[in-house]
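Think of it as A, B, C, D and E in the order they're written, each chain with its own count starting at 1.
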Amino acid sequence: MIASHYVYWTFFALMLIGLYVVISHGNLLKKLIGLSLFQVGVFLFYIGLGKQDGGSAPIISDDVETYSHPLPQVLILTAIVVGVATLAVGLALAVRIFEAYGTVEEDEVLERDSTERLAERDRERAAEHDGGGS
Amino acid sequence: MSVIEVLSGVLLAAGALAVLTGGVGMLRFPDFYTRIHAAGITDSAGAGLILLGLLLRVDSWDTAVRLLIILLFLALTGPTATHILAHAARRDGVPMWREGDRRQ
Amino acid sequence: MIFAVMAALLVTMVLTLLRAFLGPGLYNRILAINTFGTKTVLFVAVAGFLFGRPEFLDIGILYALVNFVATVAVLRLTHYRELVSEAEGGERG
Amino acid sequence: MTTTFTLINVSLLAILTATAVTITRLRALYEATMLAALFSLVTACLFVLLDAVDVAFTEAAVGVGISTVLLLGVLALTRSSESVTPRRRRLPGAIAVLLVGGTLGYASLDLPEFGSADSPVQRHPVTEVYLHQSQEDIGIPNTVTSVLASYRGLDTLGELVVVFTAGLAVLSLLGPLARPERTRPTADFHLADYRVIRVVSGALMPFILLFALYVLFHGDYGPGGGFQAGVIFASGFVLYGLVFGLDRAQRVVPRAALWLLVSLGLLLYIGLGVTTMLLGGSFLDYDVLASDPDTGQHLGILVVETAIGITVASVMTTIFFGFAGRGVAR
Amino acid sequence: MTGQLPVLQVAVPLLCAPLCVLLRSRFVAWLLFLAASLTSLTCAVWLAERVDRTGALRYAMGDWQAPYGIEFVVNGFNTPVLLLVSLSAVVAAVYSRRSVAAELDDRRVPLLYACLCLALAGLLGLSITGDVFNAFVFLEISSLSTYTMIAMGRRRQALLASFRYLVIGTIGATFLLIGIGLAYAVTGTLNMADLAQRLTGSHDNRALQAAVVFVFVGLAVKMAVFPLHAWLPAAYGEAPSAVSTFVAATGTKVAIYVFCRFAFTVFGASLVFGAMPVDRIGLLLACLGILAGSAAACFQDDLRYVLAWSSVAQVGYIVAGVSLATTAGVSGAYLHMIMHSVTKAALFAIAGVLLLRLGSVRLADLAGLGRRMPWTFAAFVVAGLGLVGVPPTAGFASKWALVTALVERDQWPVLVAMLAGSLLALVYVGRVIEVAWFREPPDGADPLRPPASMVAAIWFLVLLSLYFGIDASLPAHLADAAAAALLGKGGG
């Protein structure tokens, strides 16, 4: 079991490390780094599925007999591209969030939003009160 | 065993040795500036010797051309990278180690 | 012989990696990672010969290229950060 | 041979795991980004080892050439150190990791052996078709390219659309349409400090572009193809922009041209599909492009790779200009 | 040319997206989006009609037969979704012209239309594809364009909403990818029909069971099923109104369809609902979702957040129907999907009009609306009652179908939750009506005239929902055909 599955387990461990970073870290950029780690784990898992012992890259040549499977590689090429596209959008959003809030920590952003909302409500209350009084 | 194979073996062994020395130096040297020296050994001597050793083993010319291109590329970018690194480190005031200082 | 070279490369990778983990500071890490990049170029070349299909050396060329681009990017962009933060660090809070 | 493979594999996996753990622990984000680049390099080596040369090519180009540069660019624009993760945030992460890890571990008990020649993946008739039948159907040695561009051409179109969408997103969020209200001081790059790098980069530029073209057209025979070529083109421009400043880079490739190219590649791909439909085949059936199916497939794949190359190169350059332009906005 | 319809459905919106960017004119971009959605609608009607007559259609991309290539499959189970998505796109196109012009700065408008085209293409492709990995790609197209559109919202909160949706959505998509990978490891194929065939008889394969878990958790994120709904309220509440109108009507619905497709036609009901307790978990989460979503909706003070939380609850109703795994349940779920989509699109469209004319949709600012915009308010009342499920609105017909399906299986606790959810819906809709009708408008407020095109779109949706409420034969026929096709009783 260990000899035949250690590779998968390591890939799974990489996924979990990434997942942990995405969920528990509050820094938006760190979250994105974690997201890439998570995805890389999945990519490796797919490629692992296509590997064959003693196989070679699936580029046909006369003096090679066994090849690893090309399909997982094609899928992962697509997935890598999707991953980098998502990363780019996420980073652009992070830059804009920093410009709007002055921070890239999720907790601080939420805090700033809620203080803004509270301030607004207070203003409203005050306005209502004035209206009732006069 | 032909002469070329022996020669290639010698080159590869020398390259492996250089790479290893560089690696150990990378870890053991006391500060950034001395470590650049270690990096230089692996980048130039190690890479060069290994690639030359491999070059003697190729059997088709297009592989040989690619090896040469890699060699050229490493020879061009390696020193440049270390140069600007040292430059930038000095600019940012990375401390220099002198005899008797604590290792970093 | 080639296997010995591979082993040496792997050991060096680990040593360099330790330097990258230990730092200290940004520059030691950049240096370690730059050196590590060279190791990976060699790794690809040697692996090609080790497993009998040396025709994929294009990958090595690419590694050398992106390694250089990344190093330049680090140096450029870290330097730039200081300029910006000096100029308006206070405003952004 | 298998022992050699296992030894190398285990070392790389160990390096990878150690790097991942270190990344999570580092709070200095520049350092974390650098280690992420290193992580990418090791992953790419692992891909080479697992026979996925095309994937290794892409992972190195994307992970080191694009992701790292973008992350560094963003760090330059924002804050570069992470605040301490409060204890209360750790619990949900730990729970999710336990649940997912448990499920994955459970799944692994019934996964086929790693590297087995007898797994469902290898036994499925698709394998035979992609590896051998494709030599007659399409006639390209690199089966990854033929599966990518022909058998599963629609996935690749989808991938290109995703890239296009990312380009749109960055344009709309950071492009010239979304100027920050506050202008920043012009960044002084101290170009004179870096004479060596300017000379070297200048010398490398034509070589990089040539290499990109080579990768584009050599994709049928070796690792490479449109996407990889596009990324190499883009990293060439990135290097140029980093070394010679954004202004000069934008003079070489003006924004208007980029806008045009971004759409042009995608239009070319979809247009190819529409052409095959007009010629009486189904969507992306390249057989109808020429009198002889083999030539038709070659032509179709060439057009597809070129289209991908154009869009990817221009989108990645647009994205880089978007981030870099944010910093030196005047 | 009619043989090419399945691919035209997706290819035309895809073609329009780069053209929008290339031509860079607001009007042309709008026209392109309208043309794309009208073409899709035409194709969808045509396909629905053909499937109804002749059964399933298959289209092999690049003439590579499945499982070697990718195929599109049109069958009873996805024609309702195709119709729903393309019809919503047409309505959103009519509606968006004025709304987008008011909410976005000029130069970004073509980009928004390009993203709308891409989202449309992504959702249609997701509904029509017969290949699991291709489904992932289309899912990412639609998601990525949706993130982009949400980030175009007016307030800075839109940025964080988009970012959180991006992170959660990507985790969901990656889960889907893991699930697909595990299923691939067990079978070696990615084609849905081939997968289903190769999976029969391997119910106790642990990797396969894990694949089911991952695929469903990944889709649950996109569906906004109760504990994974965190992204939805802010995303719908902050997006530009045209976008929330379109996405609220289609986004989660298509994910629910994909869930059904995987559950019934890929993994098979005997594995998913027999060997694994997905039905019980589904019903539990549905109840929790209905209660939590409705309750949260009652405490919002922004109209769009009220509607968004109500969406979380409505997803619960649909999931309850699907989890029953009976023909009546699935048919009811499809019916509720259609009805809710029409109703919710109308409500978000109304919120957009209010945002345009009042500058805010906070409940406090809606005071006296009934007198200032009587027609828009009337539309809100009708659509709101549809949300509650009062006869003769659309909501009643579909909730009734769900209730009968639940009674048939003796699921009384779920029924109680649904009734409680409807009562809570009465509370949150009632709150809005109370403010809008009984509170005095601020001094000096004049009657407001919303733009004609937006009113037309709203009233089209409202009248459609009324019509479906009175005569539900068309959607009921579609829903029955869908359930029959999914559960393998006819249709093929």
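Keep in mind that, in the parts below, a contact is a pair of C-beta atoms (placed from the backbone, for glycine too) under 8 Å apart; a residue touches a chain by one contact, two chains touch by 3 or more.
These figures come from a predicted structure and were not determined experimentally.
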{"item": "Touching chain A and also chain B, the following chains", "value": "C, D"}
{"item": "Chain nearest the overall C-alpha centroid of the shown protein atoms", "value": "A"}
{"item": "Leader among chain pairs (count of C-beta contacts)", "value": "A-D"}
{"item": "Distance from chain D to chain C - Cα centre to Cα centre, in angstrom", "value": "18"}
{"item": "CA centroid of chain B to CA centroid of chain D, Å", "value": "28"}
{"item": "Whole-Å gap between the CA centroids of chain D and chain E", "value": "31"}
{"item": "Between chain C and chain B, distance of the C-alpha-averaged centres to the nearest whole Å", "value": "13"}
{"item": "Per-residue multi-chain contacts in chain A, two or more chains", "value": "15, 19, 32, 49, 56-57, 61, 71-72, 75, 78, 82, 85-86, 89, 93-94, 96"}
{"item": "Chain C, residues touching no fewer than two other chains", "value": "13, 30, 51, 55-56, 58, 61, 65, 67-68, 72, 78-79"}
{"item": "Where chain E touches two or more other chains, by residue", "value": "133, 137, 140, 144, 147-148, 151, 178, 184-185"}
{"item": "Pairs of chains, among all present, that meet the touch criterion", "value": "A-C, A-D, A-E, B-C, B-D, C-D, D-E"}
{"item": "Chain A - residues contacting chain C, complex", "value": "56-57, 61, 64, 102"}
{"item": "Residues of chain D touching chain E in the complex", "value": "103-104, 106-112, 119-127, 129-130, 150-155, 157-159, 161-162, 164-166, 168-169, 171-173, 177-178, 259-260, 262-264, 266-267, 270-271, 273-274, 276-277, 281-287"}
{"item": "Residues of chain B defined as touching chain C within the complex", "value": "8-9, 12-13, 15-17, 19-20, 22-24, 26-27, 32, 35-36, 39, 42-43, 46-47, 50-51, 53-54, 57-58, 60, 62-63, 66-67, 69-70, 73-74, 77-78, 80-82, 84-85, 88-89, 91-92, 94, 104"}
{"item": "Complex contacts: residues of chain A adjacent to chain E", "value": "15, 19, 22, 28, 31-32, 35, 38-39, 42, 45-46, 49, 71-72, 75, 78-79, 82, 85-86, 89-90, 93-94, 96-97, 100-101, 106, 109-110, 113, 124"}
{"item": "Residues on chain B engaged by chain D in the complex (per definition of touch)", "value": "76-77, 80, 83-84, 87, 91"}
